[in-house]
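Each structure below is given as structure tokens.
Next come two complexes built around chain A: one with chain B, the other with chain C.
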Partner chain A sequence: MDISLLDIAFYVVAAVIIFFSVMAVTTGRIVRSATYLLFVLFGTGGIYSMLGYTYLGAVQLIVYAGGIVVLYVFSILLTQSDRNMRYKIPLAKFLTVLLTCLVGAGLVIFLLVSNHFALVTIPQGVELPATEIGHALIGADKYQFVLPFEVVSVLLLACMIGAIMIARKQK
Partner chain B sequence: MNNNSFLDYYNIQDLNTAIHEALLSVMPQWLAILLEGLAVGLLIIVLYAVLAIILIYMERKVCARFQCRIGPNRVGGKGGLLQVPADVLKILTKEIISLKGSDRFLYNLAPFLVILASIFTFSCLPWNKGAEILRMNIGIFFVLAASSIGVLGILLAGWSSNSKYTIIGAVRSGAMIISYELSIGLTVLTMVLLSGTMDIQNIVMSQDRMWNIFRGHLPAVAAFIVYLIAGNAEANRGPFDLAEAEQELTAGYHTEYSGMHFGFFYLAEYLNLFITSGIAVTLFLGGWMPLHFPGLDGFNAVMDYIPGVIWFVSKTFLVVFLLMWIRWTFPRLRIDQVLTLEWKYLMPLSLLILLIMTVCVVFGITL
Partner chain C sequence: MEIHVIHYLIVSTVMLFCGIYGFFTRKNLLAILISVELILNATNINFAVFNRYLYPDALEGHFFSLFGIAIAAAETAVAIAIIINVYRNVKHVLTDDINELKG
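Up next is the complex of A and B:
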């Protein structure tokens, strides 16, 4: 079996994602946790780009890395938060979490074994053209998604109005 | 359409292919790609450092002229040319300190996040035909995405230094950069609309008849001005440098940094100025495309003999000079004025420009 450069890159990025995911939930400091989460999101963006979905990779960067994580860090800065969050965890809670993790891991491994690796099925090095994504997002034919697109934008508008209502000063 | 074969005079695509094939004949593919990647990476870093030195020297000279001074003139001959290289050597010898009560890991990480965002966007610039480093069909969108990482570095630097000055600077900078990203995104979208593509090289190629600022006339000029204002804020410069306002915050978010860690912030600030100008040149002033006017074939042919890289660099330095002019002319704004400017004026204005541009493109009222 020959291993291409892309395969090596994939495994390295996957290892980075796993490492920082574990770090994000085990670290005791909240800002560090947000930073590890940022590395996980970088990794997922990298994997999208490797699969040829550079659009999704850039969206991952701009929405999650540049938006959500910044929002997290910002709200941590503006609120008084504990520097150290190493609380004592009850045994029952620990066991439930462990069980959930094992079931989730089992499900993912089952799906991986029963299907192919995504890297095998998707043509490598071919970039999905942006025009195709655009047509898929706002077309009304089969496999085109104008309705969900519009529903999501209405939802976002509702969220924005709600946020303004909450933030507005009472007269 | 012009005769595009002229533009191929200085196309270095063939050279790249020739080097790649020469390497392939003596080594396996993966090694060839690895070596090319390393060479390009080294090139980016060297170019980055050299440009930073040139820009810092330029800033000191331009600033001095605006304040009726001479600027550096002792070190290295007549114009003080060796002043900045000497400063670089000096900063390299400084100790990198660590602070009591700071988060060591995040404190050391923050400058690298800032420089990472800057290098990502830097490698998207179109230097010449065939001389792009990162090319993808969503190019300009990737530039927006990568530049949004930088603000995180600033926030982390401010928080992890464990000081009042840095945290105030970081929160100010964060609020400002997140706000002005909207205007930048909308004006970039306006020009993507005019060019009909997001690929940076194709945006440049779409201006071979005329630069976008002429093609899009009124809305394009308005978008150019909005982009320059927002870009200036995004680079933490000019009248928007309240994140590091010397009189109130010492040096803002990088007060507690020393040695090369401070150097990274400084480097990134100047390179972000260059990148903002480079993207402005790409979107509005034709990137590496020579000055063309429809009908004047002789003039266009003469312009084509000047290599693209000279066009790109000279146009970019022109915009850099414009931004420095703004910086040393206007007084600093307050944080509430900065945010009012963005949310009450620039953002609605850029939405309006986007709308006008859409109407122009749909009805074909572009030149």
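Up next is the complex of A and C:
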């Protein structure tokens, strides 16, 4: 049994993701919650890279860790959310939610473990070439994705206009 | 020693249920949005992992994750615009305070 560097990297990243996603939903300070979310997003980018999807990992880092988290921090500061974090939820509700999540997670993990694809492996460290992604992204043939690409660009434009319309100051 | 597909799936399962837990217990709208981001990330990881392990020659899961990231960015931008507008009108961003739908 030999342990390669990729295995160690995967388990470190997995531990980071699990720890910080638990912390992100249990901490009482919302700025810390956003910071822990940032670490989870970094870890997700690392997982994409380890799968060989380095392009997807780069997109994850740029869009999520670079864009969305900054948006979160600015809106947290704009809405004085730290003052809005002091509340109590009823104990019965807390226990119900905790039980639901634990039972749900246990059920899903049991189903995964008892399934036959659970032990599939791939050769590690094989990168998906970027030219293949580029051809698939702007090709119009079968299994190519120019239509969703254009639809997403129109969606981003629409949501940008919508966000400006919603958030601007009313006269 | 090889990393099996189950390891990635357990990580994404834990992330998904953390998101669900936060979605139910938080009352601040921004904290709820952070939980939603965790849920979306878990689904994106699942798409990429199943694509890589079960169908390594296809690219559908990879592109579904890619478009999922783009749509999550759009969703976050609109949601934060709405939350800032709510704060401007109600002075709070707790779910208990947002109970009237007046213009």
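Simple rule for what comes next: the second predicted complex is superposed on the first by the 135 of 171 C-alpha atoms of A that agree within 3 Å, B and C clash if a C-alpha of one lies under 4 Å from a C-alpha of the other, contacts with A are read in each partner's own complex, and residues count from 1 in each chain.
The rule we apply is simple: a residue touches a chain if its C-beta (ideal position, glycine included) is under 8 Å from a C-beta of that chain, and two chains touch if they have at least 3 such contacts.
Fair warning: this is a prediction, and the values are worked out from it, not measured in the lab.
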Exercise for the section: Following the overlay on chain A, give me a clash-or-fit verdict for chain B and chain C. Expected result: fit
Practice task
Using the touch definition from the top, say if A:54 reaches chain B (first), chain C (second), both or neither.
Solution key: first
Exercise for the section: With the two complexes superposed on chain A, say which partner A:112 touches: chain B (first), chain C (second), both, or neither. Expected result: second
Exercise for the section: Name the contact category of A:99: first (chain B only), second (chain C only), both, or neither. Expected result: neither
Exercise for the section: Check whether A:4 is in contact with chain B, with chain C, with both or with neither, and answer first, second, both or neither. Expected result: both
Practice task
Go through the superposed model and pick first if A:127 touches only chain B, second if only chain C, both, or neither.
Solution key: first
Practice task
For A:159, decide between first (touching chain B), second (touching chain C), both and neither.
Solution key: second
Practice task
See if chain A has more residues touched by chain B or by chain C, and give me that chain.
Solution key: C
Exercise for the section: Determine, under the contact definition given at the top, whether A:67 touches first (chain B), second (chain C), both, or neither. Expected result: both
Exercise for the section: Answer with first, second, both or neither: which of chain B and chain C does A:24 touch in the superposed model? Expected result: second
Practice task
Pick one for A:32: touches chain B only (first), chain C only (second), both, or neither.
Solution key: first
Practice task
Once the two structures sit on chain A together, report how near the CA atoms of chain B get to those of chain C, whole Å.
Solution key: 13
Practice task
Could you list which residues of chain A make contact with chain B in one structure and with chain C in the other?
Solution key: 4, 59, 67, 76, 78
Completion exercise
Touching chain C in the complex, chain A uses residues 1-4, 6-7, 10, 14, 17-18, 21-22, 24-25, 30, 33-34, 37, 40-41, 44, 47-48, 51-53, 56, 59-60, 63-64, 67-68, 71-72, 75-76, 78-81, 84-85, 87, 89, 93-94, 97-98, 100-102, 104-105, 108-109, 112-113, 117-122, 124, 128, 132-133, 136-137, 143, 145, 148, 152, 155-156, 159-160, 162-164, 166-167
Problem - chain B-touching residues of chain A, taken from the complex the two chains share - result: 4-5, 29, 31-32, 35, 38, 54-55, 57-59, 61-62, 65-67, 69-70, 73-74, 76-78, 127, 129-130
Completion exercise
Seen from chain B, its contact residues with chain A in the complex are 29-30, 33-34, 103, 105-106, 109, 136-138, 141-142, 144-146, 148-149, 151-152, 155-156, 158-160, 167, 170-171, 174, 178, 181, 197-198
Handout entry: chain A contact footprint on chain C (complex, rising order)
Key = 1-11, 13-22, 24-28, 30-31, 33-35, 37-38, 41, 44-45, 48-49, 52-54, 56, 58-60, 62-63, 65-67, 69-78, 80-85, 87, 92-94, 96
